[in-house]
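Taking it in order: structure first as structure tokens, then the write-up.
Labels run A, B, C, D, E and F following the written order; every chain starts at residue 1.
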Amino acid sequence: MKLITAIIKPFKLEEVRTALTDLGLQGMTVTEVKGYGRQKGHTEIYRGAEYAVSFLPKIKIEVVVESSMTAKAIDAIQRAARTGQIGDGKIFVAPIEHTVRIRTGEVDAAAV
Amino acid sequence: MKLITAIIKPFKLEEVRTALTDLGLQGMTVTEVKGYGRQKGHTEIYRGAEYAVSFLPKIKIEVVVESSMTAKAIDAIQRAARTGQIGDGKIFVAPIEHTVRIRTGEVDAAAV
Amino acid sequence: MKLITAIIKPFKLEEVRTALTDLGLQGMTVTEVKGYGRQKGHTEIYRGAEYAVSFLPKIKIEVVVESSMTAKAIDAIQRAARTGQIGDGKIFVAPIEHTVRIRTGEVDAAAV
Amino acid sequence: MNLNLPARCAAVVGALAPAGLALLLAGAAMAQDAKPPVPNNGDTAWLLVCSVLVLMMSVPGLALFYGGLVRTKNMLSVLTQVMMIISLCGITWVLYGYSLALGASGGALNPYIGGLDKAMLAGVTSSSNAATFSTGVVVPEFAFIVFQMTFFMITPALIIGAFAERMKFSAVLLFTLLWSTFIYIPIAHWVWAIAAPDDVAAAAKAIVEAGTDAAKKAAAEAKLAEIFGSAGWLAQAGAIDFAGGTVVHINAGIAGLVAAIVIGKRTGYGKEAMPPHSLTMTLIGASLLWVGWFGFNAGSNLEANGTAALAVINTMIATCAAAFSWMLCEWATKGKPSLLGMVSGVIAGLVAITPACGFASPMGALVLGLAVSPVCLLFCTSIKHALGYDDALDVFGIHCIAGILGALGTGILVNPALGGTGVFDYTIGAPGAYDMVFQMTAQVKAVLATIVWSGIGTFVILMVCKLVVGLRPAEEKEREGLDITEHGERAYNY
Amino acid sequence: MNLNLPARCAAVVGALAPAGLALLLAGAAMAQDAKPPVPNNGDTAWLLVCSVLVLMMSVPGLALFYGGLVRTKNMLSVLTQVMMIISLCGITWVLYGYSLALGASGGALNPYIGGLDKAMLAGVTSSSNAATFSTGVVVPEFAFIVFQMTFFMITPALIIGAFAERMKFSAVLLFTLLWSTFIYIPIAHWVWAIAAPDDVAAAAKAIVEAGTDAAKKAAAEAKLAEIFGSAGWLAQAGAIDFAGGTVVHINAGIAGLVAAIVIGKRTGYGKEAMPPHSLTMTLIGASLLWVGWFGFNAGSNLEANGTAALAVINTMIATCAAAFSWMLCEWATKGKPSLLGMVSGVIAGLVAITPACGFASPMGALVLGLAVSPVCLLFCTSIKHALGYDDALDVFGIHCIAGILGALGTGILVNPALGGTGVFDYTIGAPGAYDMVFQMTAQVKAVLATIVWSGIGTFVILMVCKLVVGLRPAEEKEREGLDITEHGERAYNY
Amino acid sequence: MNLNLPARCAAVVGALAPAGLALLLAGAAMAQDAKPPVPNNGDTAWLLVCSVLVLMMSVPGLALFYGGLVRTKNMLSVLTQVMMIISLCGITWVLYGYSLALGASGGALNPYIGGLDKAMLAGVTSSSNAATFSTGVVVPEFAFIVFQMTFFMITPALIIGAFAERMKFSAVLLFTLLWSTFIYIPIAHWVWAIAAPDDVAAAAKAIVEAGTDAAKKAAAEAKLAEIFGSAGWLAQAGAIDFAGGTVVHINAGIAGLVAAIVIGKRTGYGKEAMPPHSLTMTLIGASLLWVGWFGFNAGSNLEANGTAALAVINTMIATCAAAFSWMLCEWATKGKPSLLGMVSGVIAGLVAITPACGFASPMGALVLGLAVSPVCLLFCTSIKHALGYDDALDVFGIHCIAGILGALGTGILVNPALGGTGVFDYTIGAPGAYDMVFQMTAQVKAVLATIVWSGIGTFVILMVCKLVVGLRPAEEKEREGLDITEHGERAYNY
């Protein structure tokens, strides 16, 4: 199985979620993260002090899928998350050797 | 070595931590995440506006273990985190190729 | 490609970021996490109630690099994040099979 | 209206509070007894404390109430707008606002607008006094000016809830300057620039004293007619509004509706979730609005007497009733009682009782409070959705609607037969006879005049702002949030 | 008690504040001079401002103090409960509360409960006055009613801290309705329905004037005895309580203990960590409680005179002393001085000085403040753990314990020998002789009566609630948090 | 100074507020009419409410204003320090502070320090009165003491902003005890221990009555000279400061600068980002400071009269002007108007108007407000960076700088020619002639005296603290945050 990790712009979460569920994927885990990259941040000024903020709010979506679904999922995410503007984010795919559903103990395919 | 990632219900954290330390595992990293899955969310109403909240608060535990410990750890986590109700969460296992302890530079087994 | 995950002390973030960008790495994703390990926590007292807090605030940096860069990156992180005191954190390396830049659709090397 | 009905005209007098009686006072006082009246320290203490309470309604009260309801990324924009508005209005009030609205006579134009004799508070010293609603009782004019200033500050701030999260700061600034000058000041003058009780009493006395001397009598009656005739035109119409339901709430509420429509919906409205970022802040704000509102309502009585006590208890009762009734309605219709619902009821109740607080009986206040919530709830939900405008924080649905209910309710609840106080008639030194048709006509007139002038005026002013500085930031800036894009700060760095 | 000891009986009179003297006043006033006394605007301003301050104690004060101490997921439930309680009580107070507690005479039953003549505030107008603690001085009755209303609102709200995070909203609503009616109202009547100073003075005067005329004398003495006899039974007992330590704090505190035990511990109590979600909010709440408490304590003097000033400075001193002493005790025993410790001390000090603020000397207040903290600290920690009940926010440990210390301390510190004011005797127009045994007996009597009636009554009421709506939500709902399950909202959406 | 210039010397009298006139009053009052004056309930209500408002400035006002500006990990340390400081000072004020500063005469030493006759408030009862600034008008002494107490509480709390996030709690405690005793008390005495109006008037009357009788005249003049001679030395110098710009703000501001330098920069200062953790809290704090400041400024008038109203309106205008002007300056120089900028302006304006609020005209207040912000902005940015000290929350840049501008501005704006009130001369019962050179000299003298005594004294006291308990926690503790390491709590557990 594969773990697909996508870093996206926060306001795209709903669209990506829908795109994935439309593929029949029934679960995912989301984390609020801060991203550093080509997209430049902004400056904040507090009375005397000026700070260049280079980390921008992003959303990290982690979804574990059967290997066969990988391509479809990546494609769906990319289409949903794309704005064409710098900072749209990345998709990373990593191998998952084993999966368990805590409630039932089901494993692998049956667990996601 | 392996990276065991467990998504669990927040109030189960203490029990899982204990279960893992009882196995002699001395470290883990925890993240507050939001989960989407079979467990259905709730509706929130703010004056006129109604929102269906489908992402529920979950805790993600990441623990890197020597491959030999994997099974034991999975088992311990599952027993500790299980309530039998929908939404108990998942356990994923991924390969780790290399590990370093920043303080000492020790690597792999010695590093966790 | 590789995913390098570093768990570090919060106030070391800026130094590590600089160290990585000096290597020409142009992106990374950061998450606020809580860490459990050898470094012991503290006790909090609220009127009658005493709580032993064993999870300490840490920063998780995730950076995906071309395999060739792995060693350099690990080295840079370790040097920047090290204080020599317990709790400095860990570095984990995992394989990444595939990478996509959402904005352009570029993949792998071109995507990071 | 017929100036040959002094009793009724006089009704106007006691009626509109808080009033700008300062102008003619000194003379008037003289008229009636050798040495001029001096302020009672108890009244002065009361009026000053009330002014402070009304300031607390704006900051932190209103700022938090509104701020808590927006998304984190726009929190500071709301707080900054409120701060900017009150400081700007504080300055313009002393420069020209007070003089035009209440401080100086506009001569022949006085029914429509005051004059500039007191611009920059010319001639006002710590020994100048302003009239109250009791003949021969005065308060320090500075106390009266600062009390009225706090009303001038908060009214434009109420409007921003309608276009929260999507208007340029520069546009808000320009809008405030124009709106407070061209909308608030005239309306305040129409309603609150009334004939001084002492003058009315003196003139009435003269009529009596004239006895059979026809000439004297005619002269005296002419004098009385002139006195009434010089009052603001809505004041002449006989509308009653104890603490500003019309001038403040209906006025701001309708302006909010127009602004929400002209400026358009927030990006993502209806698609993305936009829950309040901190109902805790909203609760703090609502509570401080409630607390400060006693200064607003009971302070409008100027004196610390039994009527002030009536205004306080009525404000308390109506608010409790409205909060409770909103909770029940929501529980019944949405299945759960919510905090936001209760605090919405709190505001609705406070707005509704504002014009009635010194006229209604406690039981009248109770009924008004129970009645206002369901109506406002309807406007903030079904009706708003049906019409599809994005009045972000329900300025129209709560301030304008509750304001209208209050204005009309006041006309009914003032009826002595319902335990109301009746309307004081200074020509006879007692409450005049209650005439429902007359009273309700007057109330409706005041409501409509406000809606028309404020509605049209707000539209025009927004067009001007659009031309001069533009109304909305670029979409991606709105997405990123006004805090960073307009103010370069973030509300929280936890 | 012996009605042949006017001096001592009279002691009752000046003693119990804030008192419901409204009833007999008008007549009384007549009795002593031709024209009835009129309120002083300074007193009216003071009493109205104090009412506003006490409202601020409830919202946002108490709501934030408690809210900050619970977990995020239950924040709104606390805020909503407080809002609901004050709006409900505000309504019931004017419907029947005031009349039964302080407004109308219960005739023969008056030592135990008042009457319904003033239900719905029948007959009260803005010119009705209520008596004060000075003969011949009155305040507007509406001001007195609204001031007392704020006490009626906050007392049940104090209790919810004991069962925070685990009670159904519907149960809290029902509980509040029953508790405020059957527990608060009677106790308030027992303690605060006292003989009007003017009546006592008049009767005493009659006795003197009777001179040698035995018949007249007997009649006059009978009259005086009757006046005392018609007072609330605890009032007759001679207990003194300047601002409500017994009626409000001991009462709410014991109710909290009973509720905490009956309702049971929070799910996970002792196993999971339950740290306060925002001590910042708790600090804001505690500060506003402190600020508002001056209205509570000094407002109970009704008049703005030297005694009010004494109440203010005593409240300030005792609070500072208690906060500082809690900090030191905690530093010594736990190793660190904490903010929660200091604000707990603030509340403990405020509760303790409440009954004593107008009777003790500043140095007496200092001692009381220093002494109260260690005791409360002990009850909130060791003793609570030993007994194992889950009084979530220490309503018993702070309000009841500090309330008892204050009630007993008052009996001692009122002693003129210790700089106290002594207890005023209206029959002689001066403080009566201090009798420690008598005074302490009276204090203990009041404390016990309150604990018994409130303790048993609370238990019964909870049983009723359990039958009618049930007390606790399902465990998983409690886990998910009351905000979402009971109110469908979340406090924060950062 | 020349005691043969009664008019000018007298100028001192009306000038320095809020003053400690209590001492000689009773006698004085007697002197001028048979029965001693009694307090007006309106004044008493006013002074008590103002005391409560000033407490609200400290908690929650100042605590939140400062707390919001630090990082989350140090939030509680700020809140706890403020709480500790006010409770400690509340205690020491009644033990010895009031007596030494204002309560008792220091005899021959009186120009420099008072006496201990009123230590532990010995002899003060609820019927003791204190003088005001009007001859023959008094207020309850307890009210005066508690009002002054709130000034004593907040001043040391202002300083902690300078060394926020890096000082040991034990050191802050010791510092507060020493600083409030050895710096605040003497300076307050120098400035506020003035000759009682009633005494001055009586003596002046005696001179006149003496007529041609040379001996009598000489005696009377000697008496007057003695009265002036017994005042605090800065009071004698003729400096005017209506509500404490010198004693409170310049004093705390300079102490902050010294402390910031002595204690050193925060670990990571300049390297790590240290943004305010919650500007929302800072807004709440600033708003409550503004609200409470009316008690501070107008309460300093002691009476609720026209001058109090002047102080209120001036405070309002100057604050609005300063907030608006800071916003414009920042917008122009930094490109964006910020909330922190506006609230910084609010504080700067409040500080600047403090000494002038009862002397300047509204337009004078407007000018002062507009002028103060750019200067403070400069000090909080460029100048601070240039000099490189870490005055964490700009105590020096705002309180000291605005304080100095205000003190000097007062000397100019009091000029009747500029609409100012002039300085009242009790010997002639009217404002004395304005002499710019004399006035400005006096103002400068007061500013310098404060800077020197407070600057040097603060340095010495810090050295003592360093020796006794040490000033800073270990670096890793500072890194972890003072909340956990010093207090064992966290501000938020979301």
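The rule we apply is simple: contacts are C-beta pairs under 8 Å (C-beta built on N, C-alpha and C of every residue); 3 or more make two chains touch, one makes a residue touch a chain.
This is a predicted model, so every value here is computed, not measured.
By number of C-beta pairs in contact, B-D leads over the other of B-D and B-E.
Taking each chain's centre as the average of its CA atoms, subunit A and subunit D sit 51 Å apart. Separating the centre of subunit E from that of subunit F, both taken as means of CA atoms, is a distance of 36 Å. Subunit C and subunit D have centres, each the mean of its CA atoms, that are 57 Å apart. Centroids built from CA atoms put subunit C at 18 Å from subunit A.
Within subunit A, the positions touching two or more other chains are listed as 31, 44-46, 85, 94-95. Within subunit F, residues 40-43, 45, 49, 275-276, 278, 284, 334, 336, 338, 340, 488-490, 492, 494 each touch two or more of the remaining chains.
Contact between chains, per the stated criterion, is found for A-B, A-C, A-D, A-F, B-C, B-D, B-E, C-E, C-F, D-E, D-F, E-F. Within the complex formed with subunit C, the residues of subunit F that make contact are 268, 271-272, 476, 479-480, 484-485, 488-490.
The touching residues of subunit B, counted against subunit A in their complex, run 2, 6-8, 31, 33-38, 54-55, 58, 60, 70, 74, 77-78, 81-95. Interface of subunit D with subunit E (complex): residues 40-43, 45-46, 49, 53, 71-72, 275-280, 283-284, 286-288, 290-291, 294-295, 298, 303-310, 312-313, 316-317, 319-321, 323-324, 327, 334-340, 342-343, 345-346, 361-363, 366, 421, 492, 494.
On the side of subunit E, the complex with subunit D involves touching residues 39-45, 47-49, 51-52, 55-56, 59-60, 63-64, 67, 75-76, 79-80, 83-84, 86-91, 94, 120-121, 124-128, 140-143, 145-146, 149, 169, 278, 281, 284, 486-494. By the touch criterion given at the top, residues 11, 14, 42-46, 85 of subunit B touch subunit E in their complex.
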